[in-house]
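The structure's right below; bear with me while I get my questions together.
When the chains are written out, they are named A, B, C, D and E in that same order, and each has its own residue count from 1.
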Amino acid sequence: MKGFVFRAFDRGGMIFLGILLGVILLLGLSNQLLPASSPLHAPTYMVSLVGKYLTYALLALSVDLIWGYCGILSLGHGAFFALGGYAMGMHLMRQIGDRGVYGNPDLPDFMVFLNYDGLPWYWYGFDMFWFAMAMVVLVPGALAFVFGWFAFRSRVTGVYLSIITQAMTFALMLAFFRNNMGFGGNNGLTDFKDILGFDLQSDATRVGLLFASAAALALGFLICKSVTRSKYGKVIAAVRDAEARTRFLGYRVDRYKLAVFTLSACMAGVAGALYVPQVGIINPSEFAPAVSIEIVVWVAVGGRGTLYGAVIGAILVNYAKTYFTGTLPDVWLFALGGLFIGATLFLPKGLVGAARALWERRTGRRDPGKPALGPAPAE
Amino acid sequence: MLNVSDINLSYGASQALWGVSLDVAPGTVTCLMGRNGVGKTSTLRAIVGQHPVSSGEIRLDGNPVNAMKPFERARRGIAFVPQGREIFPLLTVRENLETGYACLPRAERHVPEDLFELFPVLKDMLGRRGGDLSGGQQQQLAIARALVTRPRVLLLDEPTEGIQPSIIQDIGRVIELLRDRGDMAILLVEQYFDFARDLADRFYVMDRGEIVLSGKADEMDEDDVRRHLTV
Amino acid sequence: MARFLALLFALCLCLPAIEARADDLTGLIEQLNTDDYAEKEAIVAKIAATGDARAAGALTAFRDGDLYSRKSDGKVFIARKAESGRDLLDPITGEFVENVGSRDARRIGVNNNLRRAIDSALGALTLLAKDPKVRRAAAASLFGSPDPEAIASLDQAIANERDEAILEAMMQARAASVLRSDLDTATKVEAVRILAEKGGRDVMSMLKRLPADAPPELRQAAVAAIGDIKDRLALWATAQNIYYGISLGSVLLMAAIGLAITFGVMGVINMAHGEMVMLGAYTTFVVQEVIRNHAPGLFDGSLALAIPLAFLVSGAVGVAIERGIIRYLYGRPLETLLATWGVSLVLQQAVRTIFGPTNQEVGNPSFMSGAVEIGAMTMTYNRIWIICFAFVVLAALMLVLRGTPLGLQMRAVTQNRRMAGAMGIRTDWVDAMTFGLGSGIAGIAGVALSQIDNVSPNLGQSYIVDSFMVVVFGGVGNLWGTLVGALTLGIANKFLEPFAGAVLAKILILVFIILFIQKRPRGLFALKGRAVES
Amino acid sequence: MAQQLTDSILYLDGVSVSFDGFKALNDLSLVMGRGEMRAIIGPNGAGKTTMMDVITGKTRPDKGEVFFEGSVDLTKHDEASIAELGIGRKFQKPTVFETQTVFDNLELALKADRSVLATLLWRRSKEADQRIDEILAITRLGDHRDRLAGSLSHGQKQWLEIGMLLAQDPKLLLVDEPAAGMTDDETAETAILLKDIAKTHSVVVVEHDMTFVRDLGVRVTVLHEGSVLAEGSLDTVSANERVVEVYLGR
Amino acid sequence: EETIKVGVLHSLSGTMAISETTLKDVMLMLIEDQNKKGGLLGKQLEAVVVDPASNWPLFAEKARELIEVEKANVVFGCWTSVSRKSVLPVFEELNSLLFYPVQYEGEESSKNVFYTGAAPNQQAIPAVEYLMNVEGVERWVLAGTDYVYPRTTNKILEAFLKARGVAPEDIMINYTPFGHADWQTIVADIKNFGSAGKKTAVVSTINGDANVPFYKELGNQGIAAQDIPVVAFSVGEEELAGIDTGPLVGHLAAWNYFMSVDTPQNDSFIGKWHAFIGNEDRVTNDPMEAHYIGFQMWVQAVQQAGTTDVDAVRQAMYGQEVPNLTGGVAVMNTNHHLSKPVLIGEIQDDGQFQTVWSTEGVVKGDAWSDFIPESSKLTANWTYPWVCGGCEKPKYGSGS
């Protein structure tokens, strides 16, 4: 156990986290402590934006853990993110209480105008923060567990697995679109008021959420580090490269995959839960297959199989999106599409891979015992 | 016919071949030997064009082929039986053989009957997928596939690996037959010393990416060679 | 003979009367220039009552929205679109009167009620027309808008009719009108019998519409007829469902075939597949635009032209993508997802920039419009053609893959690119051709899909998920699998839809795919054995 | 028969496997005692590899019994649990984890608790390091310890596979063509290595190299067309006309 | 030089670009036009365009960017209800103004949003009344895309129909997913349902992309408007532009605006639009008029208030009058909805609508529907001091 904990703290990781957390801390403090007139004041806009990026980074991390390290290409990871988001959203909805437009103390507005008699059973308990937080982890985790249990035992691999994860998220999207499901249909859950008694629209709460996201990301990063640096990490990498061979060594591949898949889904759920209060809405389009594909794209851009890569990729691509949609609203897809194409052609191992290659060339050395990023394993 | 002069070859940062030179004449069998990992396969890869050389020249009939793509070299008559067989797993045995047609003018696109005399098992298995064959059967298929292209230079990378003794003998006989026809140059990479000795007209021995010994087979000092093959 | 003479006599008697009422007709038409729809309906009834066949032109124009009033004096004309503005024609004689600016004349509004009234009036007026087509249409339209007033004209027409089929249609139209009339019960029961023989939903609807206070024997006859028709319909419903399933399946197949090449054979996770389909659809649009503007007469041939062009356009773009991007990624199949995703964004935006973000109109050629009824089964022509087309494309593709050297080389290259090169296969050329072929076929699919769906920059996105599902469900790399997969999903969907609803049916299908893959982790037509693992 | 079963490490009886009608194994029966080393030879396609596939759970037999240590019905186990029972295998075509280092390949193979949690919390011990170093020495891969396995030459991969098998330390070793691609000296050494192992383990070796088989000096089973053609010492079976005809050649 | 910034928040990519891009263009046209007239309060107007890319959380982010970073004084934007729901908290928090131009399901009232599209009582109810009274429809298919707008509208309609004595078995409700493309079964079902002997009509709340294949199938299966008319609330000139409307003549739509309406204002609007967009074939539609009205009202309100300050402008908005393009005058009510005329039109073979019925005067938009029990208790009135819909106590402070 001690080994497991300590493994998380390697030098590169510490530096990376240190820089990341430092920047976030400065950002938060400058928003809170400096007057708005100060040139160093961080606008609230930036706080929520960065908060959102951090939750995306955590999500990307969760995908990288299974894709980069275990070779499971999930094209449906958005589903776990969205489920976590819905769990949080349901809590926030319940927090509204009678402040909704219809003033109904028990029912969220959409239920009132769709004539619900009472709260559906699956909404019970979400008024309690701890319960909702448990669900944030448990629901995605349970879905991943059940899904993975079947799929990995049946030895569904490669594109077949990718496509059924896509089918899963697509089915969930259609289901959540259905108004009868009791999750607000297409409009989803919105109009949140406060969290743990803090006003969601106040800057301090926003900074708090930013810090919470950073903490979650750091924790996720450390867990991933620890997992991937353990022997377990080597086993899942072996599964990625030669699944059958791993089995002949006596490893129960399905359990190894299931464990990492479930862990990853829980991380995605947490990311979703932190995302929702910061963007103020959760709606079924988060389940859209395209969203899940985008997550994979972030990871690929950053560099699959390196944890920093996932984080950097998620932040960079989303920043690019924010930037381009504002400055080049009519043609930004050219820029983003071009970025993706360019990244594959010129940065075959992602940004981090490219940076590392550059570093190795400059210094002419390679971390002993640490191979360069391996050739991409074939599916 | 095939002249390799002073080639260097690297895998990323590590250099695998250091100034390797070879000559393979038509109507002869040239044998390349050496321990594991000394660069035999790398040499063949350089010749067929599967891996670029960083310097040096490879000539076929006096014309440099360095700039040619693998398929062009194949069409000029270089055929390759790779280590590890590299059968097209989902193509049937027949289709595997027919891939060699790409090198042939339309009129010559058929599988020579004598191939099946050499490897009768293939005839029975024409409809089976290459990947389903046993290891030795695949090895036989790989050799047959190379012969379909009617090559002028035949590169064989450990062709006896995994093949039953009786067929090894047959293969030996075929190689002799092909040599005796006089127009084919054969480069044989082999670890199985006796087999190599029986066939070779010329030999080269490699160590750590370099040719360390070469000569006519009948002038070969067996102990000298064996020394280089021992660890 | 006697009847004929009598008729002739009757007609002669009528003639002067009609002549005398010509001004009446003009007057009535003039009165149509009002905003009150109820009033217009009354006037149409009056025009019909004149029995004057010359009113047909004006009424047809009215129904089609071509009747205009001149703003300057309120006079009513038939308008034709002219080079500039409109040509006004005399409503009765059809003679050219003058050309006016497009804002100088006002359309006389027509609504559905009026159209119904006009149809029945026209029916009555054109029952005796020379052209058998017109007579048949008149009978059909009278059947559609039965009118007791028309019984007399129908009787007259029936007496004259020689054509068996038209006669039958007229009898049916008459029966329909009889049911609405206050004729005696026996006649009505006979009418029910005639209608029951025809069968179909429209008849059922007619029979159900009988008033509650109808005489018992009539009711009885109607109930029996309805039951009879229902039984026949239930049988047809199953057939219909299977047909819908095949039709949906053929659309899925069409959308997926190209992907079965680029993804199934080559292993490229081709996220830009949908955009190749879209390019094909836009090619169709451009072809049709050009034809509309330069050779409107050739419109029906537009698809014949669009198919090869779409193949070339999408194929060329595919080759460009392969040469420019994909070829650097062999051996890194997952990276193709990233690159092709980028390509798909770029292509979508490019189309949006060039053609605009809105839907483009792609028309059905006349042979693809409408439907054929077989029994109680409706089969729309566009879908019938798509079914045929999908199968033809699939067959052609199988021929290429199994029967040509290129097909063998494609498979060899994708299974072991390095070794294929050593066998003398021009791998880069084969790669480009394979990707081009897959893309080109996607382009052809675009032509087909443009006939049933939106042509917009989003077109591709709506098919990409389904296409992957089909290919994977059928088993990657197996065209038969793609075929069976598409049809299975199509038919399953159509059998679920009636009771589960469209949304739930789709969800159930997805769940079914997930479960199915558990049973067969490599799809429906999985390859087995060592070969697959190596 | 029952006695034979309980004394055996491996017991195959009436095993048949067919692929689309082709009988790769045809009513194959074979019994191996505990601690025995057995060489299996036979023509290409005789079913040797298929037999190993059956034993290791990769292929399910159509019919027949397969018992390990007299009591464990292998047909009821999957690959992983068969490996955990103590059956290790070297594949005919070398398969190693290409993106991991030689060292990591061996570490993965090293005998240890294979459960998820144990693996997660596993820490490398001195003994483990020592054992890996030993194996690196045996397989002469010491210099390549930190290289990616994917960059090894064909023969080096063969050695790595043998090393992984050693690291696994199974009760029964199935070794498919260990000498392929080795020089004559190496082949001889491999024979010595296997004999050494066989002192404490049961071993099945498949090889086409008769010199090697002779060096092993163990009982030989000849397979042909999916069933046993002959069995006995190498000299006995070499004298068998049929064996000469279908396998050895003249 | 200082400008007054006008935010434009419409998707230019993704699924909604198909509808929303046009609205962005209209805004640019209106702003250009206003600048030609000398701008506003002596300053030029500056359009700030961003692309929320049909991504709902991105709408919120972009809204915040427009208000906080770009300092836009007012924002014109959104199409789908969910995008509006997504930005709503942002506008309320930052106390800014959104003009929302699309027909929607109602059940919302925010002091920061002006709803210039139709509420259900300005579209759905009149359309159904028309079919009942004029075409004598007795049997109803309510077909919609499965999301909130159709669900709510259909709920309102169901309540309304039942109140008018329509039996439950004479109502068929059907929902389809977004982008539904295979309409064979459903169209056949409609045909079936319509053969029960009573005059049947379809009320379609089918949205966006699904309409083209729906109408194509309708046309091909030969469901003529004379037999089973379809009245749609989400199908305008823009949607019809992708279809050959020949077989669809006579099917209906209810809107507050049709391009075909022959008034001088509309002529001049269409002329400007064609000149601006450089294409004579481009159509105009209802949401475009809504933006036109909304923009003119905002301009007038700013002029009247003498400032772009949100609270002042909001006060000035009430009672603003702008001539409709179709005649009559639109008035902004204190519930932030417009009083507008309702038109019912039939599809023509040229892809235009021909008005067959219109309300006598204007209909006042209702934020809270009378046909939803909880909702009917609420009122919306945002006059100073602002009170929330129907509650007793002031909900917001007195502002600024």
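Points worth noting:
Note that in this section contacts are C-beta pairs under 8 Å (C-beta built on N, C-alpha and C of every residue); 3 or more make two chains touch, one makes a residue touch a chain.
No experiment lies behind these values; they were computed from the predicted model shown.
Following the contact convention of this document, A, B is the list of chains adjacent to both subunit C and subunit D. Annotation: A-C is the more contact-rich of the chain pairs A-D and A-C, by number of C-beta pairs in contact.
Comparing chain C-alpha centroids with the centroid of the full set of protein C-alpha atoms picks out A as the closest.
Seen from the Cα centre of subunit B, the chain whose own Cα centre is farthest off is E. Using mean Cα coordinates as chain centres, the one most removed from subunit C is D. The distance from the centre of subunit A to the centre of subunit C, each centre being the mean of the chain's C-alpha atoms, comes to 45 Å. Centres computed as Cα averages put subunit D at a distance of 74 Å from subunit E. Centres computed as Cα averages put subunit B at a distance of 62 Å from subunit C. In whole angstrom, the spacing between the mean C-alpha positions of subunit C and subunit E is 29.
Among the residues of subunit E, those in touch with two or more other chains are 12-13, 146, 175, 177. Shared interface positions of subunit C, defined as residues touching 2 or more other chains, are 348-349, 461, 503, 506, 529, 533-534.
Each of residues 132 in subunit B touches at least two other chains.
The part of subunit C that touches subunit A in the complex is made up of residues 263, 267, 269, 271, 325, 328-329, 331-339, 341-346, 348-350, 353, 461, 465, 468-469, 472, 476, 503-504, 506-507, 510-511, 513-514, 517-519, 521-523, 533.
Subunit C makes touch with subunit E in their complex at residues 37, 64-65, 103, 106-107, 109-113, 115-116, 119, 144-145, 201-202, 204-210, 240-241, 244, 247-248, 251, 348-349, 352, 356-364, 369-371, 378, 380-383, 451-458, 461-462, 493-494, 497-498, 501-503, 506. If you check the complex, the residues on subunit B that touch subunit C are 48-50, 69-71, 74-75, 79-80, 82, 86, 88-91, 95, 98-103, 129-132, 145, 149. Of all residues in subunit E, those touching subunit A in their complex are 12-13, 49-53, 55-58, 60-62, 64-65, 68-69, 80-82, 85-86, 88-90, 92-93, 107-109, 146-148, 151-152, 155, 175, 177-178, 372-375, 378, 388-389, 391.
On the side of subunit D, the complex with subunit A involves touching residues 56, 58, 78-81, 83-84, 88-89, 91, 95-101, 103-104, 107-109, 114-116, 119-124, 146, 148, 150, 164, 168.
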